[in-house]
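In the two complexes that follow, chain A is the common piece, with chain B as its partner first and chain C second.
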Partner chain A sequence: MSAPGEEAPVSSELVRSYVITGGRRLPSADDLSLHMLVTLAPDRELPLGASPEVRAIWELCAGGYLAVAEVAAHLGLPVGVARLLLTDLADQGHLLRRSAPPPAKSESRLVIEKVLHGLQSLYA
Partner chain B sequence: MTSLMKDPLLWILLGVLIAAVLAVMLARRTNLALRKQNADLQASQGRLEAERQRLANESATLRSEHDRDLAQVRSDAEEETKAALRTWMRSLQVLADEQQGVISDLARVKYGNDSEILADFMTIDHTNSQFGRRAQGIAALCGGWLGRRDRAAPVLDVARSAQGRIKLFDRVRIHSQVNVAVASTAVEPVAVVLAELLDNATNYSAPGTPVEINIQAVPTGVCLIVDDAGLGINAEEKDRASALLNTQGPVSITSLGSPPRVGFAVAGVLAARYGFKVSVDSVSPYGGVRAVILLPESLLTHDLPAPEAENSPTTASEGSPSSPVTAPVAIVGTTAGGLPRRRRAVAVVPPAPSPAAEPDPVPVPEHSEVTATATRLTAFARGTVRGRDTTTTEGSENQ
Partner chain C sequence: MDSKASMPEPSYVSGSVTTAAKILVVGHFAVGKTTFIGSLSEIPPLRTEERMTQASAHVDDLAGAPDKVTTTVALDFGRLTLGDEVVLYLFGTPGQQRFVQLWEDMARGALGALILVDPVRLADSFPVIELVEKYGLEYSIAVNSFTDVLYGEAEIREALDLLPDTPVSYCDARDRASSARSLITLVKHLLVRTA
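Take a look at the complex of A and B:
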């Protein structure tokens, strides 16, 4: 805290998350899970009057598939807020979604060790 | 002679004469005494008149001194009250800011993936923002600081910040045609003033009607125009508002009524202090009030600040035991916003195969060595994710 008479710094985020969502209901986590991969659909025009966050998503996702969690982290937003914006874009047909790679069946320890050893011999 | 002497009439005449002489003498003496007394009295009257004049002057002097002292005491008391309020508000402002930081961090890092908790956090954040704005308003009226921002901010973000500081924020629509930033020193003042205008606009217009902010470039700077669809304000209100908005000195905090109506006073004080203009004297196209903030070029900057460096790695939220896939991603330049533009190597990552078709050893395509390395890492990453993920509901294309 700075001395009296001196102006204290303000560090909180300028634009609050409820303004970004416009006070709308957030979609549930099931709709777009953290690992879901999203990318921009081909030949799409940025909607007119898109918010800075939507523009940022647009640029991020133009490069290829990114996970929902990654998009949120890049924007510095809570995942729920990013999810709402992504859901909007997906509903408008701007986004392609793809599930994350499937979870493993129980792989044998032997295979994992083999992979590990292979990697070690490659990079050691 | 003797007979004459014996004439009683003579004695009577003599007696009368003597009596007359005595009477005249007595009257003369009395007259003299009275004249003297009269002169004395006149002198005394003059003296008293002068005394009265002196006392009257003295009384006037004393009264004016008293009035001056009273004004001095009042202004001292006001100044002391303001100083005390400044200190208190300062601590409240710092706390409100800290709380916003805590809310943001928790919402981003810990509870971001839970939409219900996140919605509750937003409600708390919203209330806290309004609380912070009130503290800032009182601080401004008391000649205190609003808080210093480190960076300039796009005017659109300043407007959205103001939007977030009022109760009925969801009625506000922002249209911006400019790509200009507000200088760091003016970010908070402009946001607070705009929030006060928005607060008035939303409170004094029909529920459900939108309040519009139009941001436009003008030759001398940038205009933020707030239009509401209320009933407008009458001439008396307009005069009061314009007096408060054009004030050049400090505002008496006791003259703002009860409950105090601080909006225009805050706007006036801040506009005078930071050198921008606020007016509410026109009518909005919707019939309500049109409030205009004119920011001069001196408070604007055309160099948009570089965004904060990305220091938070991929958010690991609660409820997600596994971190997201960190497959090899090539950074191909940066986005306009300064974020690294990452491109997944489409040729490298094979499309998500179904669990059954998952090839055990990923075939290494004979690409360049970098591609080969990336492919191996991809396979490894996918393997680790699969290995760590205990849920079985995730992952299939048609979940």
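Take a look at the complex of A and C:
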């Protein structure tokens, strides 16, 4: 395993990812940013014939909200692959997303204020 | 990946949280990004990887792949729940210029960036600052002073060619309160810049 911020050549892991994704292109990050919170929608049934990876992501996301990056880390999948599997679940209506706020200035100011107050009350 | 056995149980985000925010902790190799994140995170820092294709002009023995090489970059991140509604993610982001795809992904939706610098390797921070500016992120500087060599703020500013209103703070990335002070300095600056 590589140290943070270090690059490592891709070996057999690339083949495994290719199989998991069925050779599809990885989706763009626009819809599922690293810090977007996701969880499984209630009363859903695991699709028949789900792959082990889909099964794992299903079980993980059934427990509550996690960020996309957390889902990838817990499953040991590259972010792009986790994002593709999550996109599939979302397209099938299985996923709830709690989206990051739009980048409007007034919105981001509100978020920054909340972050500041939160940090100050934790560490003041 | 062989790390599943050691992976901590997932700690889910509180159901009352409505907003997830992201701040980047940026710096050159071994400057202390993961230590900084670990000192503040409420969960054991997690690691994920981004896979990217990059130009390989500096790689000379890739038969059959003359132009591109695929590499993975390991990213460490942590989480901090702030009040009932907000969860803040801190992403450690390497400062190499060639990780363009990674930077687009990291910068998207980020509130801003804390640039960690090592006072004895200031020159290593130039490309990092350049990248952060290129992606239009607001930032502040945190000098991770784990050595006894002390450089004054004026020297740091001059060496890094900072604008007068770019905040500079000193921290010990191993110390939670100290890391928090540097993060608060950044967030105060972000607030001023979005006024």
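Methods note: the second predicted complex is superposed on the first by the 84 of 124 C-alpha atoms of A that agree within 3 Å, B and C clash if a C-alpha of one lies under 4 Å from a C-alpha of the other, contacts with A are read in each partner's own complex, and residues count from 1 in each chain.
Convention: a residue touches a chain if its C-beta (ideal position, glycine included) is under 8 Å from a C-beta of that chain, and two chains touch if they have at least 3 such contacts.
This structure is a prediction, so every number in the text was calculated from the model and none was measured.
A.B. asks: Is A:G64 in contact with chain B, with chain C, with both, or with neither (first, second, both, neither)?
C.D. replies: After superposition on chain A, A:G64 lies in contact with both partners, chain B and chain C.
A.B. asks: Based on the superposed arrangement, let me know which partner A:L34 touches: chain B (first), chain C (second), both, or neither?
C.D. replies: Both partners, chain B and chain C.
A.B. asks: Is A:R98 contacted by the first partner chain B, the second partner chain C, both or neither?
C.D. replies: Both partners.
A.B. asks: Check the residue A:Q120 against both partner chains and state whether it touches chain B (first), chain C (second), both, or neither.
C.D. replies: second
A.B. asks: Scan A:S108 for contacts with chain B and chain C and give back first, second, both or neither.
C.D. replies: second
A.B. asks: A:G76 in the overlay: touching chain B, chain C, both, or neither? Say first, second, both or neither.
C.D. replies: In the superposition, A:G76 touches chain B and chain C alike.
A.B. asks: Starting from the residues of chain A touching chain B, keep only those that also touch chain C in the other complex, and list them.
C.D. replies: In chain A, residues 1, 4, 6-10, 13-14, 17, 29, 33-35, 37, 60, 63-67, 69-70, 72-74, 76-80, 98, 100-101, 103, 105, 111-112, 115, 119, 122 are touched by chain B and also by chain C.
A.B. asks: Which residues of chain B touch chain A in their complex?
C.D. replies: Against chain A, the touching part of chain B is residues 87, 90, 93-94, 97, 100-101, 104, 107-108, 111-115, 118-119, 121-123, 125-126, 129, 145-150, 153-154, 156-158, 160-161, 163-164, 169-170, 175, 187-188, 191, 308, 310, 312-317, 319-320, 322-325, 329, 332, 335-337, 339, 341-346, 349, 351-355, 358, 360, 376, 379-380, 382-383, 385-387, 389-392, 394-397, 399.
A.B. asks: Would you pull the chain C residues touching chain A in the complex into a rising list?
C.D. replies: 1-4, 7, 10, 12-13, 15, 17-23, 29, 33-34, 46-51, 69-77, 79-80, 82-83, 85-89, 91-96, 104-106, 108-109, 111, 176-177, 180-181, 183-184, 187-188, 190-191, 194-195
A.B. asks: For the complex, give me every residue of chain A touching chain B.
C.D. replies: Within the complex, chain A contacts chain B at residues 1, 4, 6-23, 25-29, 33-35, 37, 49, 52, 55-56, 59-60, 62-70, 72-74, 76-81, 83, 98-105, 107, 111-112, 115, 119, 122.
A.B. asks: Under the definition above, what is the set of chain A residues touching chain C in their complex?
C.D. replies: Against chain C, chain A makes touches at 1-10, 13-14, 17, 29-30, 33-37, 60, 63-67, 69-70, 72-74, 76-80, 82, 98, 100-101, 103, 105, 108-109, 111-123.
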